[in-house]
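Listed next: structures, encoded as structure tokens.
Two complexes follow with subunit A in common, the first pairing it with subunit B and the second with subunit C.
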Partner chain A sequence: MKVPGKTTSQIAIYAAVCIAILLVPLVLDDAFLLNKYARYLVFGMLAVSLSLSWGYAGILNLGQAMTFGLGSYCMAMALKLKTIPVHTGSDGLPDFMVWNNVTELPWFWIPFHSLAFGVAAGILVPVALAALLGWFVFKGRVTGVYAAIITLAAMVVVQLLIIDQQRFTGGFNGITDLAQFEVAGFAFDAYGSSSYYLVAGCLAVTLFLALFITKSKTGLILQAIRDQEDRVRFFGYDVALYKIFVFSVSAGIAGLAGMLYTIVMEFASPTFLGVPLSLSVVIWVAVGGRQSLLGAMLGALVVTGVQGALSESETFLETWTLVMGLLFVLVVLFLPKGLAGAFEKIAARFERTPPGAVAESTAPRSEPIKSGREIEGVS
Partner chain B sequence: MEIFVSQIMTGLSIASILMLVALGLAIIYGVTGVINLAHGEFVMLGAYAAWFLQTQFGLSLLVSLVPIFILVALFGWLIEALVIRHLYERPLDTILATWGIGVMAQQAVRLIAGGELRYVEMPPALATSVTIFGASESAYRLFILFLALALFALTWCIYRYTHFGLKLRAIAQNRSIASSFGINSGRIYRFTFAYGAGIAGLAGALVSPLKSVSPEMGTTYVVDAFMVVVLGGVQSLMGTLASSGILGELTGYIAFYSNDTIAKALVLLAIVVLIRFRPQGLFAGRVRT
Partner chain C sequence: MKNHRRSFLKGTAALGTMSLVGFPHIWSKNYSLARAADGEIKVGVLFSLTGTTAIIEESLNKATILAIEEINAAGGINGMQIVPVIEDPASDPATFAEKARKLVLSDKCVSVFGSYTSASRKAVLPVFEKQNNLYWYPTLYEGRECSKNVIYTGAVPNQQQDDFVPWLVEKFGKRWYLIGSNYIYPKEENNYCKKLLAELGAEVVAEEYVPLGHSEFSSVINKLKSEKPNVIFSTVVGDSVVALHRQYHAAGLDPQTMPMASLTTSENEVAAMGGAAAAGHFTSAPYFMVWDSPENHKFVDAYKKRWGADKVTHFVSEPSYFQVYLFKQAVAKLAESDIDPNTIREAVKGEGLVAPQGKIKVEPENLHTWLWPKIGQCKADGQFEILKQSADWLEPSPYKAYPNQLCTATGLQES
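Right, the complex of A and B next:
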């Protein structure tokens, strides 16, 4: 099924995009803009995580923000304990706990004194929760629409709990006034190139990790499950196990993105687990192309970029939301594979034309055709 | 006794609104298999239509119910013709498309009517209270209860005893076989969608005097109504009636004794568990495949 030439050119394109992203701070010396772009890159990473589960395994996770928010809270808890509280001094209680008359640090906060624990938890907590939820859903052969609704409901439950337990989580206000993320004495300034490099580096690594998964045998089986679940089951594969695996990996990437978001934004808020953010992720991925990791990432960058540029004015932003909704509906209707799919189609058309015409038509970048396409014709 | 009756009446009042919202959702879902996430926005549009007709033309709420039903039904008709029609083969994408439509409707209303809260006046004739078994109950809430039951009965009769209802049930059971017997399923789907939207619009108009009207008001309803449909079971109108009764009383009870946030979280958890173990609902015998 694998076409080596395609894979090589795909890797080349992915690498080129990653290098371009990593080079941005060399030409841009504006702390505010760097911070903004780092934020967009985090969203790009979140889009990659959803593309992995939705585009490659057919699991539409409407609660992708749940794992993102949990990662963000884990990082915020660790960074919060690094600050010196005004009221209780060093090693004291975080300020919001003092305000809520909590006298002792809750047990689940204590290990977060170690930053390493916080980082590990930021990935492992989302993975564990996703594995549990995945086990619950996929072992029961709940698929499609119902699985989507369950992910959405689960996310809202977690969000409600975080808002409700104000004494331990800061409630609506979230966790604010954080220390800087520090590794071996080197502090990552949210408004400096160091944080940007951190985010861009993590993005590049996850992008290639996700690409590797989709190219592996597991990735092929996942795509087969997406297209014809029953047939894969008849072949003797444990469909639920594969789904739980990709669901958990996706959650881990989203958790990592959440941690980076806390580093860049310098706070964590219950809106990070909200329905609006989850909807946005789905929109980015749908617009960029759910079956292309790079397409999904670029979709996130483009949509959030335009949104950021328009956010200067309230009216613009509201009109933009309207336009975004329309664009989303149109993409769902006419471009189920998003912009990446459209590029593929154009590229495929040029490939079929006689060699003479190809020389003139190098302008549109050809998105490589994924190996999943061949399988898809079956359904 | 008084407290008991008033507690039951509060539950019934919540149940009647729930049923109005859920009825449309259940019909659309039962017949076409589309989970309409824009349903809350149909409710919202109905409420805004009531506000608009009242402030611009001075129409009383009771008079404007019929035009509101027609307006929102037309809107549903359009949505079906423009978008949903193309997606029946891709059920996951209908969720996305209806979600997108919901966002658009919310945003359009926010841009046109403004994001602030709006208020609709209660019909003066019904702004009194009635005493039942010693408990005082708002006449308007009773009116909603009766109207909801009447609408349910009407829908039931259409579903059960008319030619249209027969076709509807045939399609719900098996679309392709029904089509091969000469039933125009596309047209039936569109009618169903419009009818469901119209009822949602009515629900919105009816709750508008009780709650403030805002662009986001629909989202809360769609979650609760979805719970009703899941609990009641696809294709089971009686299930919808029963489950909205159960949920209404339960919500009233929980809100009376406990914390609102936890109650919401519990309801959602119940949805998750219910979908996992009984996706066909508590009251449905057969399953749509």
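Right, the complex of A and C next:
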């Protein structure tokens, strides 16, 4: 009885947040702010993707930006081929290829003439790569910090490849000077409400998709794997398969976020696959609360929002990185479950205050959790 | 007591009225159209104060601020003060793009002075082109860009190489070793260098690119020892410059017979590697700190006075400084109600002044700058000795290596 009740209220909260996000352009008519908030929402989506694999399956992916960046490059390649090459004017070749004395469009660029292919690739390439990487890591029963290191290393390899193969990727400068994202004649203006709605809509869909996965049987098994991997394996489940699944879904969401990022930022850069961004995602999720999809998303919005505000204020121009660092330390020390954990605590306190029936009904719920923890501590 | 309260009330009322008058944009919807309001002109200053390129970009930020302060202290532009909005893009292209948007869309700056790396320029370019604003870029770069939204005050390949390469061939010989960091700037410089070398009948014995940030040059040093080129043409950037010079020095190679000729080694890099490792090598640039002119003495003195006696000026901080004065001259020609990025661009075309390096002017066709190339040899004290200055100022041609392309006021023309 309890669990569905909790699920309903959870869905209500998620829906309320999504609607609030979707309503923003109605009260806000500022090209700069819409663009900025759309950018933050993309980060929110990226945080959701990591929360899914880290918070729900215990896979700490330090290379989440790899799939994000690949999505971003797929979109940039498709949009690049749509530009009139104003800076070169040579046979439809992207400008940086002309600079690198490339005379013919490389074979893997050719399908990107179709935007639909670009969009599909932006999701499928990250998914395929994650599945392949996951196959080696999880079939080999690599766990914990070693899996985290492998994801980080894989990302650095992809980033180095992109920087090094500048004839095909634009190298260090990335892919710039892109066309607008256009579907059926409708152009999404990076500074208008259309792009904002696109990002917010995608975010809402991913949030609910992720929520659906965590509520499904698969989601429960994943959480069991997170808490006690061997026990799940002894029950006869193929642990690796479940892990590969969630790792790939997480990569697909990150790839989608990367594509939206290119639309909002109007370029793709190898820094999108960089270690700083990738570790930032971990921080957002940790601040927001990794075991809550919504918490992780809000964590990203709060951290990037505060970061933007601090670095823009004159008072903190010199010290904003220091202030950010201090805030992280405080959160980690005092809110180990992040902002979501803090909210839950406050909510629990409110629930407990009315005496009688309500208090009784909450009491037994907390007990099994407690005993569960004790077992975990023993084993 | 009573008096105090009354004066407090008066003061509050006065403050209230003042803020109403002082911030009319809260009340007037057309504020966004009036770019210069209340005797103030807002400009953006976009150099990284944190992150990997912070050290060099901070010096550009300082040179820009110095010029703005000087202009304001001297009465501003037609009585209007320049108000700099300083942002820290943290050496990250995405943050560059975000901050550029803020400066252009939210702060409504009429121009933005900024950036060092090509990657960051490329990241902000769509913002300035789509919003039709103006970006002032002080860094030497690879050319091959033709944007009506950027004023380029740094050197392009022809301005650094046209005098330098023939001079080196005549003085040292025809066997050249090209080494650069692996990105677009060194490749373009080398494209142009090879063209010049071919005309001079010289030979490229090797062309090598190392990853950005590379610091292990022992294999390069070995190749240098076996190939024995006459000139090492270096477009290595950043920390790699320091590593290359130090390892060259440690290997006991001799700058007198096999000098490095660099387009990127300034007083700033020399300060990082130490004078001993840099001594004897050559750099071509339009500006060196030791250049003897009244304008330069004034600039160097003011810079040291404002930011510290140990600070150096170099060939990127000098354009950062004089481009603010170019901005001033352009804006001074305009009526207050006319000041916007479009009119500033039209006004700056052909505008010139005597900069620390000599008399410069903005080429109306491609918005690049006529400059005075110089050849300097580094000494052990970390400063350069200027051996040669070009006889005349040199035209900027960002497409010189590609004769069928020409950057004009209407855009890129192909023939």
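To be clear about the criterion, the second predicted complex is superposed on the first by the 329 of 379 C-alpha atoms of A that agree within 3 Å, B and C clash if a C-alpha of one lies under 4 Å from a C-alpha of the other, contacts with A are read in each partner's own complex, and residues count from 1 in each chain.
Here, a contact is a pair of C-beta atoms (placed from the backbone, for glycine too) under 8 Å apart; a residue touches a chain by one contact, two chains touch by 3 or more.
Not measured: the values here are computed from a predicted model.
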Partner chain(s) touched by A:T319 [first = subunit B, second = subunit C, both, neither]: first
Which of subunit B and subunit C A:R349 touches, first, second, both or neither: neither
First (subunit B), second (subunit C), both or neither touched by A:I163: both
Partner chain(s) touched by A:S269 [first = subunit B, second = subunit C, both, neither]: second
Touching partner for A:W99 - first (subunit B), second (subunit C), both, neither: second
Contacts of A:L33 with subunit B and subunit C, given as first, second, both or neither: second
Touching partner for A:L178 - first (subunit B), second (subunit C), both, neither: second
Shared subunit A contacts, counted only where both subunit B and subunit C touch the same residue: 160, 163-164, 318, 321
Residue ranges of subunit A in contact with subunit C within the complex: 30-33, 35-36, 39, 86-89, 96, 99-101, 160, 163-164, 166, 171-174, 176-178, 190-191, 265-267, 269, 271-272, 276, 308, 311-312, 314, 317-318, 320-321
Touching residues (chain side subunit A, partner subunit B) in the complex: 58, 60, 62, 136-137, 140, 142, 144-146, 148-150, 153-154, 156-157, 160-161, 163-164, 275, 279, 282-283, 286, 315, 318-319, 321-322, 324-326, 328-329, 332-333, 336
Parts of subunit C lying in touch with subunit A, wherever the complex brings them together: 49-50, 86-88, 90, 92-94, 97-99, 101-102, 104-106, 118-119, 122-123, 125-127, 130, 144-146, 182-184, 187-188, 191, 211-212, 405, 411-412, 414
Touch list for subunit B against partner subunit A, complex: 35, 83, 86-87, 90-93, 95-97, 99-101, 103-104, 107-108, 110-111, 219, 223, 226, 259, 261-262, 264-265, 268-269, 271-272, 275-277, 279
